[in-house]
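Look for chain A in each of the two complexes below; its partner is chain B in the first and chain C in the second.
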Partner chain A sequence: MKYLRWVALLAVSVALYFAPGQMKSYGLYITTLWVVYWIAGVGLNLTVGYAGQISLGQGAFLGIGAYTAAVLSKAGVSYLAIFPTAALVCFAIGLLLGFPALRVQHHYLAFATLGFNMLVFLFLRNEEWLTGGTFGLNNIPRPVIFDVRFTRPLDFYHLSFVVLVVMGGVMAWLLRSPWGRAFAALRDNPIRAESVGINTTFYTLMAFAIGAAYGGVAGALFAPLVQFVEPAPFSVANSLSMLLMVIAGGSGRFFGPAVGAVIVVLLPEWLRVAQDWYLAIFGVLIVLMMVWLPGGLLSLPDRLRGRRA
Partner chain B sequence: MRALLEVRDIRKAYGAIRAVDGVSFSVAPGEILGVIGPNGSGKTTMFNAILGQVKPDAGEVMFEGRDVSGIGALALARRGIGRTFQSLQVFGGLSVRDNLIVAGQEFVGSAGSRLFARPDAGMGQRADEIIELFRIGHVAHLAAGSLSYGQQKLVDIAMAFMARPRLVLLDEPCAGVNPALIDELMDLLRRLNREQGASFVVIEHNMDFVMRLCSRVICLAMGTMLAQGLPEEMQGNRAVLEAYLGV
Partner chain C sequence: MLNRRAALTLGTALAASAALPVQAADDVLIIDNVELSGPGVTSGSQWKMGVDLAVGEINAAGGILGRKIKIQHLDNQSQAQIAKAVATKAVDEDPYVMLGPIFSGDVNVSMSVTENAEMPIFIGGEAGNLTTQGMKYLFRSSLNQASAMPKLANYLVKSGVKSLAVVWGANDFGKGGRDAMVKEMATRGIALAADISTEPGQMDFSAVVVNASKANADAIFAYMNEEECARFLIALKKLGTDKPVYGETVLVSQKVIELAGPAANGAKGHVGLSVDAPNPLVQEFGRKFEAAYKQKSDHNGIKGYTSVHLVKAVTEKLGKFDRKALAAAIHGGSFSAKTNPGLLMDVSFDEKGDLDRESYLAEVRNGQQVITETLPAVGKK
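Take a look at the complex of A and B:
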């Protein structure tokens, strides 16, 4: 059974790697954006789904990663250095964002992280010397790594997909390690967790910092994907979309962010055939799904099994 | 012999209500101490004050001769004090075996080393021993949150023993447990006391359980120590009967 699961995972990965080969540039752009959001969602899923800490700040980390990549790549720094730098910068800021979580929880924490997102948004908009303000930064180069150019949309998709596989592998390993169990204990019962020796302070901070680092890496792909960054995509609204992505996909489920990113990134595109009505239909679908499947789309098999039992 | 735990004049008030008002007692190594008293007598508040879950207004807590007053639940756990809570406190989303492993894993190595450790952090064998001891093998792979109340209670208690604590504070271990399981629970605690040398402080309303299990009993009423002595002495103590049993 376990072997079959690995074969299925490999088959799906190979299919996803090669499938967009025949897509036109807009299709490739949207598919790559889905991969980028999936990476950011993997990080947010650790913070929210596995460690039980609410966060409305992932959009800000996507922005910090994107601007880090934009500024450094325009200065001629290699993407080999940009990816870890974006991750480290976001890790450090995420660590700081974790401190409010040591004091407050639930909707209070949601507002604390929302306030953080607003601060980052204001910084990106007002500090023109660094970020270009509302005009943003353009002509962001696409990566060239070891003389391999990822400038064509399909090549850039392949790079993004490889980054996703690496980041997903790291997350799978982290969640399988004793840390993963400690995160789950923190989510399920922090008071009990302390009484069995789990340092809830440490794991809370790590949940925010590691989740933020994933946002940073996603941002470092977002900037060269769009080749232009401005503050708007990193507003609170985007953080809400990312939280929706995690919850609608299946919070605390490994592939939840993949499904969630389909809902948030791809579904609105597919609904465009409905023209003016597409956002209204999207909204109705989300409401229905949250009512019928509050555990997210990936909870559907559990729900069906429960109904049969 | 030096006391394992020594509580000196511990006090905790909530506004004008003195929940715990100058309680002192000690626990010897290997001893099982019972704590009885009517509802609202301050038993759980005293536990929480000893264990750093609430900050006491005054008093000292000494463990193995060292002052551990106010060092917090995490530090106390690391020094060898385990506890269970009045209400169920399992990690509902984890399997029973994972509940046990997570209750022991943080006592092995550093956070950094655990990141690169085997998934069971080397605690799998210990978890299996405890599973066998508590006879919960048939539910070991199930999510703890899906078990019956009595089974969750057993898991809750079992978790407190994963890290081989020298002292365990049990808050109403019999509450909500099927009477048929209570004798089994008592046997378990006796075995853990005898074979692993663990000492216990047990808050319990089930007088039969307390009188049969504990070597000494203290009785609290209105936040103060009303009496202490051997179980048979307490059963005949008029003040205890009046305050606790209402006779």
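Take a look at the complex of A and C:
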């Protein structure tokens, strides 16, 4: 059974790598955007789903990563340096954001992270000398790594997908290590976790810092994908979309962010056939899903099994 | 008898097929990349109505060179990354031209996509930097901020204003307008008494009004989007401020007058486009728009309408559907409203895609926009 699971995973990965080769530019663009949001969602899923810390700040980390990539790439820095820089900058800031989580929980923590997102938004908008302010930064170049140019949409998709596989692999390894069990213990019962010797302070900070680093890497792909950054996509509204992505996909489930990113990024595009009604239909679908499947779409098999039993 | 699953499948398929737009083989496709949700919805809805009105008229008269226009409106949600997705989709579907976007950030991401595809786009954005990036297929539908602000600054000097409190919306539109205005003020010796930024979507403007009043300037210049301008005017009235308020296009637009009600009375400014302009073609358009949509058109409605008519006029002059030739013909071209009534006003374009045409000074009196002076096109000076 375990062997079959690996074969299925490999088959899906190969299909996801090659299938977009048949797509036109639009399909490639939104599929790449889906991959970018998936990476950001993997990080937020660690913070929210596995470690049980609420965060409304992932949009800010996407923005920090995007602006890091925009500023550095326009200065001629290689993307080989940009990806780790974006991750490290976000890791460090995420570590700082983790400190409020040591004092407050639940909706109080949500407001603390929301305030952080607003601060980042104001910084991006007001520090025009660095960020271009409300005008943003345009003509961000696509990556060139080891003389391989990722300028064509399909090549850039392949690069994004490889980054996703690497980041997903690291997360899978992390979750199967003692760290993963420590995060789960922190989520399920922090007092008991502390009593069995888990350093809850350390793991709380790490949950934020690692989640933020994933947001930074996603941002470093977002900037060259859109080739323009401005503050608006990194506002609190986008952080809410990302939280929706994790919860609607299945919080604390490894592939939850993949499904969640389908809902947030791809579903509105698919619903365009409904023309003027497409966002209304999207809203109704989200409400229905939250009512019937509060555990997210990936909880559907469990729910069906529960009904049969 | 159909079982439940088959009925559901059939129903879904029918619903999907009914929603799909039908396009005849000889229709000419135009895609509209427009803000129909999010903060740009007020501007986008007016633009869309203007476009639809023009398409309806043109199709009723036989189309362009005998081909009917098939218009496809695609909502960009007022978000740059979605606007880019829509522009990419437009390029895939290979329309004749693309209309929109209106928000300058959305234009910024879309124009490189359409430029690579050598596809002309007719934008609603007014920020000055859009036409300074060397785009060969980008055309404005209204005056550039850098062209409009000198006209307003001259009006301020004529009105005896020596100091000004500037209130602007903190987005690319507001900041671009603020920067252009402050530059023009400096060259005319008008002092900047206060420089107050406001949030897009801001609800309460009491503090803004208090700070603007405290500056003790001769007048206030307000440059924000429609809803914010209306809320600002209401707050001014509520707090009893009697300073004259000036604006550029938006402040005295029909939409702001409708939203602000009596609070809009007394606002003055420069308008590039207005259905109240002393021009029979524009006024006739205003009547048709109001009859069709039960509301007055603002400048965005006129921008959408005239963009479609410009495409028609130039294509018919060329006698063929050729994107490159269309762009080349518009650059440096002048088009007369006498021969092309849908253009509403004579218009000319420079090599950057900026347009030039007459504009107006306006004042709101008794809930109506009253044109007080017609200013000639800059090129006619």
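General observations
Please note the rule applied: the second predicted complex is superposed on the first by the 309 of 309 C-alpha atoms of A that agree within 3 Å, B and C clash if a C-alpha of one lies under 4 Å from a C-alpha of the other, contacts with A are read in each partner's own complex, and residues count from 1 in each chain.
Methods note: contacts are C-beta pairs under 8 Å (C-beta built on N, C-alpha and C of every residue); 3 or more make two chains touch, one makes a residue touch a chain.
Predicted, not measured: the structure shown is a model, and the values here were computed from it.
By the document's definition of touching, of the two partners only chain B reaches A:R176; chain C does not. In the superposed model, A:L267 makes contact with neither chain B nor chain C. When the two structures are aligned on the shared chain, A:I281 is found in touch with neither chain B nor chain C.
After overlaying the two complexes on the shared chain, residue contacts for A:V165 are found with neither chain B nor chain C. Of the two partners chain B and chain C, more residues of chain A are touched by C. Applying the stated touch rule to the two superposed structures, the chain B and chain C interfaces on chain A have no residue in common. Contact residues on chain C toward chain A in their complex (touch as defined above): 16, 19-21, 36-37, 73-75, 77-81, 84-85, 88-89, 91-92, 104-105, 108-109, 112, 127, 129, 133, 170-172, 174-176. Against chain C, in their complex, chain A makes its touches with residues 24-27, 29-30, 33, 125, 133-136, 138-139, 222, 225-228, 230, 232-233, 268-269, 272-276, 278-279. Those residues of chain A that touch chain B in the shared complex are 174, 176-179, 181-182, 184-185, 187-189, 191-200, 202, 252.
Taken in their complex, chain B has these residues touching chain A: 51, 53, 72-74, 77-78, 82-83, 85, 89-94, 98, 101-107, 111, 114-117, 119-121, 145, 159-160, 162-163.
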